[in-house]
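Just so it is clear, A, B, C, D, E and F label the chains in written order, and each chain counts residues from 1 on its own.
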Amino acid sequence: MTSRLIPEVDFARDGKQTGFIRLFHSTHASAYGYIPIPIVVVKNGEGPTAFFSAGNHGDEYEGQIALTNLVKWLTPEKIKGRVIILPMANFPAAMAGRRVSPIDDVNMNRIFPGDPDGTVTRQIAHYIDSELLPLADLVIDLHSGGSSLMYVPCALARQSDDPALYQKQLAALRAFGAPFTYIQGGAQGQGGDQTLGSGAARRGKIALGTELGGSGTLTPAGLAIAERGLRNLLVHLGILGQEEWVEPPVPTRFLDVRGQDYYIYAPENGLFEPLVELGEEVQPGQPAARIHFPETPWLPPVEIAFKAGGLVMCKRIPARTMRGDCLFHLASDLAGV
Amino acid sequence: MTSRLIPEVDFARDGKQTGFIRLFHSTHASAYGYIPIPIVVVKNGEGPTAFFSAGNHGDEYEGQIALTNLVKWLTPEKIKGRVIILPMANFPAAMAGRRVSPIDDVNMNRIFPGDPDGTVTRQIAHYIDSELLPLADLVIDLHSGGSSLMYVPCALARQSDDPALYQKQLAALRAFGAPFTYIQGGAQGQGGDQTLGSGAARRGKIALGTELGGSGTLTPAGLAIAERGLRNLLVHLGILGQEEWVEPPVPTRFLDVRGQDYYIYAPENGLFEPLVELGEEVQPGQPAARIHFPETPWLPPVEIAFKAGGLVMCKRIPARTMRGDCLFHLASDLAGV
Amino acid sequence: MTSRLIPEVDFARDGKQTGFIRLFHSTHASAYGYIPIPIVVVKNGEGPTAFFSAGNHGDEYEGQIALTNLVKWLTPEKIKGRVIILPMANFPAAMAGRRVSPIDDVNMNRIFPGDPDGTVTRQIAHYIDSELLPLADLVIDLHSGGSSLMYVPCALARQSDDPALYQKQLAALRAFGAPFTYIQGGAQGQGGDQTLGSGAARRGKIALGTELGGSGTLTPAGLAIAERGLRNLLVHLGILGQEEWVEPPVPTRFLDVRGQDYYIYAPENGLFEPLVELGEEVQPGQPAARIHFPETPWLPPVEIAFKAGGLVMCKRIPARTMRGDCLFHLASDLAGV
Amino acid sequence: MTSRLIPEVDFARDGKQTGFIRLFHSTHASAYGYIPIPIVVVKNGEGPTAFFSAGNHGDEYEGQIALTNLVKWLTPEKIKGRVIILPMANFPAAMAGRRVSPIDDVNMNRIFPGDPDGTVTRQIAHYIDSELLPLADLVIDLHSGGSSLMYVPCALARQSDDPALYQKQLAALRAFGAPFTYIQGGAQGQGGDQTLGSGAARRGKIALGTELGGSGTLTPAGLAIAERGLRNLLVHLGILGQEEWVEPPVPTRFLDVRGQDYYIYAPENGLFEPLVELGEEVQPGQPAARIHFPETPWLPPVEIAFKAGGLVMCKRIPARTMRGDCLFHLASDLAGV
Amino acid sequence: MTSRLIPEVDFARDGKQTGFIRLFHSTHASAYGYIPIPIVVVKNGEGPTAFFSAGNHGDEYEGQIALTNLVKWLTPEKIKGRVIILPMANFPAAMAGRRVSPIDDVNMNRIFPGDPDGTVTRQIAHYIDSELLPLADLVIDLHSGGSSLMYVPCALARQSDDPALYQKQLAALRAFGAPFTYIQGGAQGQGGDQTLGSGAARRGKIALGTELGGSGTLTPAGLAIAERGLRNLLVHLGILGQEEWVEPPVPTRFLDVRGQDYYIYAPENGLFEPLVELGEEVQPGQPAARIHFPETPWLPPVEIAFKAGGLVMCKRIPARTMRGDCLFHLASDLAGV
Amino acid sequence: MTSRLIPEVDFARDGKQTGFIRLFHSTHASAYGYIPIPIVVVKNGEGPTAFFSAGNHGDEYEGQIALTNLVKWLTPEKIKGRVIILPMANFPAAMAGRRVSPIDDVNMNRIFPGDPDGTVTRQIAHYIDSELLPLADLVIDLHSGGSSLMYVPCALARQSDDPALYQKQLAALRAFGAPFTYIQGGAQGQGGDQTLGSGAARRGKIALGTELGGSGTLTPAGLAIAERGLRNLLVHLGILGQEEWVEPPVPTRFLDVRGQDYYIYAPENGLFEPLVELGEEVQPGQPAARIHFPETPWLPPVEIAFKAGGLVMCKRIPARTMRGDCLFHLASDLAGV
């Protein structure tokens, strides 16, 4: 089925176009109104297409600001090919500063390929999946840890089954040049086959992502990585000239995220005390966290240990926690890269 | 008027007592139920009384966990005098991990001296003010920055008008030994005369506070400062013996928080990009922040500069911001200490 | 201060008048509208005044229906004196079938004497306290256990400090003729000095109440007790003639509700299993209840015992429970009546 | 008690100042933030002070736009004296387009003189009452019917007990020049002594108001009346020169709003069908409205008649109605003006 | 799949039947309850069937009241054939006076053909689509502008691809006799193929609609048009006799609604000032509206111009507006009718 | 499609395993967290599998507690075969004590067979339907009346179309031994083909259910029936040895629930007064209930009569009622058992 969303821009036209994707949403307060999702297209002749997306989760900011800055810097004269920029992909969530949309309470990165007749977030996902992804050669969806997690700054990709495409992923990730890069295997990992990136992969695109910070704040370091990485990707694709290349200070360190044992979850409701820091290397059996119970402060805390060893690449931010919340997420060095 | 809350502990009895302050709250779901606010009293003979409080704001955790640990460590044998510990002062807010109570949406640290016939939060404040504060010689209310702010770890006091009491405040703050300590002048500063600390000051107590981290998370460094500082305060008061003293690694640096020019506020709704870091020394006129508008990404950001110079002791966490939100808060070195 | 509410009835006029008390409430949906609280006055010449109220808690129904039936049965010809009937005292709560008002989330029976400039519920309480209670010789506020409690059917009074008035209370309670009648001492008991009944007592009225069932349902037995009891009260006062008297099947059993030990509270959050039944006589130390934890079903339940002995006059209905919820409430035989 | 709000403008300084009144509101999302209530002061030397307010109810727009336009047009050079302009008095309500504040659900025009330690709306009212009203000679609070009512465009005043002040009110109302002007007697009328206008009257000011349209929309006719009327008031006071006077097309027709019989209320919940139009003259006994019951469409509607005669100056907009909603409001010609 | 809804009426039976369509909705408050959607069927022997629907949007009232009146007037004796009347199609929305259902927040006119296992609104749409529409020869779904829009009173149809059916549409619209009638082309227009009317068109019915007013109020003029038009439609179909025909005062003016350029949308969040009136003829480039910013009243407003010319047939009501809200909607004269 | 839920237990392994089914739910507060649905498997070699479920509706407690107790009592040594226990099937609803899930407002027993990509409740239903039901020979889903209904304690089954399976149902129901057992015919009855039991029946399992009390409370009698019945079922299947059999005090009485005439619904909004009691035998035409209108107490109540005769097996609890609420539900003796 065809999307009901209407873009104000013409993707086939040369030049720089700014406008909105109109998602008609007929409500009590606005019977004929639309939700205005900002979009920018810069095109100059033939060449590859890069599709840059942020605001898939509304409380992740490095990508939103990097793309907002890129919109103002990019001109048709500077490029060859096409760049499509979607800085607030889940616009209602991004305006609210929330992971999920306040309209339908849906997490956009768990519902791809979307639904043209679904609720607002499902319609946006469907538009991206069916109208924007097919236009692109390379797709990067810029994430951070959001309100509940903090990451060491990293880029990422889900390993393609196609070895040639996997090599293209690795090359693009080297160009992006984040301090860390992790590779997910198969359908493993958070979000499974329902993410924007999975949609891009299904269409055979070079599909990349990032986790550039978190805690619902903006980390200046993560923003700098994003800005350099995006330009380098455009150089890597030949859309920008080589003079725009900025060498990353250190080569990216490739990591591997293996099974559920690399994730540490809260066993009880309570207050989470981390016993290790982001970026630390830990051993199996090492104490990871305590859960405290100040509502009955005379009870002892519960202590949890790591089941596997590795690099602490992600930790939970809010101390108030529920059984089942993810507290840490490890990674190990990727063999063979 | 007398509080309607009923404590399960007897403050005059020797020994270690644990229990709840019962706040009867007759609701649709529980007509005769009470809200169980945990409290612990440890007493051994005559001597001074320390009153330690945390969870005044429910999303500030260093204090809650430090007191939960202290409850288990303290025994009557170890002390001389009395320690009263309230780890979740605004219990409904603390259970929800929210700054304000989910029951009445009230910020407990803006309503002292409370009201015995007001809503739940006002009743708690009144109980603390009228029943607990009078028992104490020294009061410390442990705060952190909460969900929206992050602080360099510091202790604080509002300067008493009574020079002798001010000297006692300074001595106690030195004993607490946080890396930074700031002094607020007069009725200035956030919360004015409506905080728990102001209530303690009105009663002539040595009234202290802290800001030990923030972002709604637990910072292990802040927790360590709290745990050392609380024991040192008990030694300082003579409640614990000198053998429990732990020398702070560096003497506290005293700071002064002056007028509104030391606070930087967001001039527009948008995304906040900090241009300086916590702990940095800044100059008047130096760029402080940009506000970006990704909903219209082709518009330039707004840039704001510092009006005064000083140490960046506090910054806003959430990047999504509204006109009027506080972005930074400066301090300068305190003269004459 | 004077109430802002306007009655459509004239309390000094003979005859039967029906109408509404108008509480002007200026909202987004109705700028000049009023909340229509139904009231009926039946008057015939000189004589005592009875004030009958129900719907103070909106989810207690025996009283609401008994008064709705009485409104249709009473005529000026049948009486001497005056009867004022308020079947839905907290009208917004009663229309919603909720203990507390959906407008301001206030429990009307915890805020007497009310406030003429407070929120809606406080304005109603103030009107009743300042305008209706002064008109009455005898006041009965008809309650049941509400959504969270179930009672053995009983009438009740808070013992007046004035021995003569206390005798009048006892006489009126005998006339009402519930199977059980309990007497509260002093300022003890749920609601303290903030109930409608306390307001009536402060004005020297014969102030009575009931607890006629509960569980948010209508118990036909409780309704029958209310209907007989209300007519008997009118006969007892001389407002109705002796021919309307209906002898209760058994004399009322007078009970005494003593201190906090007669109340059993949940020690943990979980599922409540009662181990005794309403109306049962229990001994100190007898098991009262278990709290189960099906979210971790391999953990054992917590068991609680009665601290005092007595008659189980009230038990909690919802099995899902929180620490601090009242599970049972005992009473013992009243000496000296 | 003194207000805690801090204005960014200096009311004593000559020139044109724009800025915000800062109302510090410490929330989960912004611990140290303020609510920015826009204010403009234009002053040139000595002379009278006019205080113009709109947005007291957030869904009334003629005043908000008229003052927004006036802010840009007024310069110190054009005036003698001072004009204080508050275009969004209840800023949170006005931003939300709601009659009452979304923060505390309070109707600001029913709580004067406010409370410096109350909820947000009460603090604003207190600031206006204690800080702004004392500065003024003449106060006009610009209202329209809001979301639930539509008015014939009119100005209004509550008749002062002081005959000299009443004459000043009448003169100012003639200068304002609305098509209709109504005078309220004594403490009668919607809002009683709790409105902004009542606050101004208590301080002996020339206190005026308007009702310039309604239905939550902007009526261009009402806006034109406001813009002409405000300038004429400034000319009338001598703040603007005579050359800015614009003669109203017709002299205002003075009306009198008498007691409760001039208001028609819905007797049942249902759909409201008006049988007369705004501006029509009606007779006692004339059918006013029907209430329909489409949920049981085979039942007949209820018909209501006018109790008094007069001019229909106000009618309810939403057809969906509840018992107690005001459907119409009449007025009659004022004698003796 | 088959609908789970159960009608209390038998559509095949002669006579007048009133009752409810039962939509079983198992909730916390009512485990086995149904939602009672009122329906009336009047039948007398063989003949065509008219299906009249209103309350598809709950805040549109001319249709709801016209059908409520028609229910009481129609008798089997008066007709030949069958009339099916559904005055509150989206019953929960209509009881709430909201465009969309308060149960699932769904706009019923954007989800046809519905879903028998979807949420409540989807189940109603499916019942209408699969059970009621097949019974009808002519379908009219009575709309008005709702809470956010006001229309010049008009009837409408989406032009059928079948020329013979299109001629039947035109004839029926002439019989209905609204002052204006507009024809939508193809799948264009608000609601696309997801409206009740589109469902009727898919089944080859004569599918009509109306827009009879708006603003969430009842316009007596729109009600009169509906009442005359519905009877004329029954005469036109031969269900009522010719003696019930009432000639419209003027023949309907046929209009054409073309593409997106005929719609004017808000470019910013702010207050909407219309610069033209409903029913006015406008030219391309003519100023349409201003958007004001009273939160920063010293900033100039934004002005928007019409891109196309035509008749202003619809305008937005609420002045508070968001980027993307529809402000006006134009139409031009339809050629060839 | 395959479920995305991950069990911590291995259903093929011998022994007693306790753990959680992990339902990953990525929210603002917990980006990578899971919902922990408790599950216990006890297995000992070959033999039949019983699947016991409770908490399908979160406010029905006999089953939740019976299974929580069974978890602790059952050991591999005691059994032959396998028992799978799911005490809180709709975990979020059960933790909230609500019939429907607070996350998606979905009634789990109206959406089988669920959806692996639907909202949380749909994912749980799909997991049960696709992963747990296929493992079982016999399935019992333990219900009670919930917050809105009270039942005489009974077991139940929907009559299988397969006569052999129907005989197995009857035998299992006799073993369960509830005082009453009712048989539903065909697709009739509440929930139709969308219940857990219908899912089990579609897979050819012996599918049973219960209704053991209600009112949102725990009835000790219902709990005792459940505990005895579950063990007897395990004996009946040969999983437990014959020594665990407990003979029911009386043989079950088989009942038949026929069509819609056996259900009594509220005809109006008001207060429900039951005129018969649970367990009573009633006659057609006998008065069943009155609906009272205390908001207009001078109006007479509406009285409703039974249309059919039978045993009153279920009645509504909340007195506040809406048109369409089910008030009673009858049954008659089942022929031929």
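FYI, a contact is a pair of C-beta atoms (placed from the backbone, for glycine too) under 8 Å apart; a residue touches a chain by one contact, two chains touch by 3 or more.
Note that the structure is a prediction, hence the values are computed from the model and not measured.
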| item | value |
| --- | --- |
| Contacts common to chain C and chain E (chain labels) | D, F |
| Intersection of contact partners for chain E and chain F | A |
| Chain pair with the higher count of C-beta pairs in contact (A-F, A-B) | A-B |
| Chain at maximum distance from chain D, centres defined as averaged CA atoms | F |
| Taking each chain's C-alpha mean as its centre, the one farthest from chain C | A |
| Whole-Å gap between the CA centroids of chain C and chain F | 36 |
| Averaged-CA centre spacing for the pair chain E and chain A, given as whole angstrom | 43 |
| Inter-chain centre distance, chain D versus chain F - centres from mean C-alpha coordinates, in Å | 58 |
| Per-residue overlap in chain B, given as positions that touch at least 2 other chains | 36, 59, 295, 316, 318, 323 |
| Interchain pairs in contact, sorted by label | A-B, A-E, A-F, B-C, B-D, C-D, C-F, D-E, E-F |
| Contact footprint of chain A on chain F as seen in their complex | 4, 6, 20, 22, 24, 26-36, 117 |
| Touch list for chain C against partner chain B, complex | 59, 98-100, 107, 109-111, 145-149, 190-192, 194, 260, 263, 265, 314, 316, 318, 321-326, 329 |
| Complex interface listing, chain D residues touching chain E | 18, 36, 38, 40, 54-55, 58-59, 61, 64-65, 67-69, 71-72, 85, 87-88, 91, 94-97, 215-218, 220, 223, 271-275, 277, 292-298, 300-301, 316-320 |
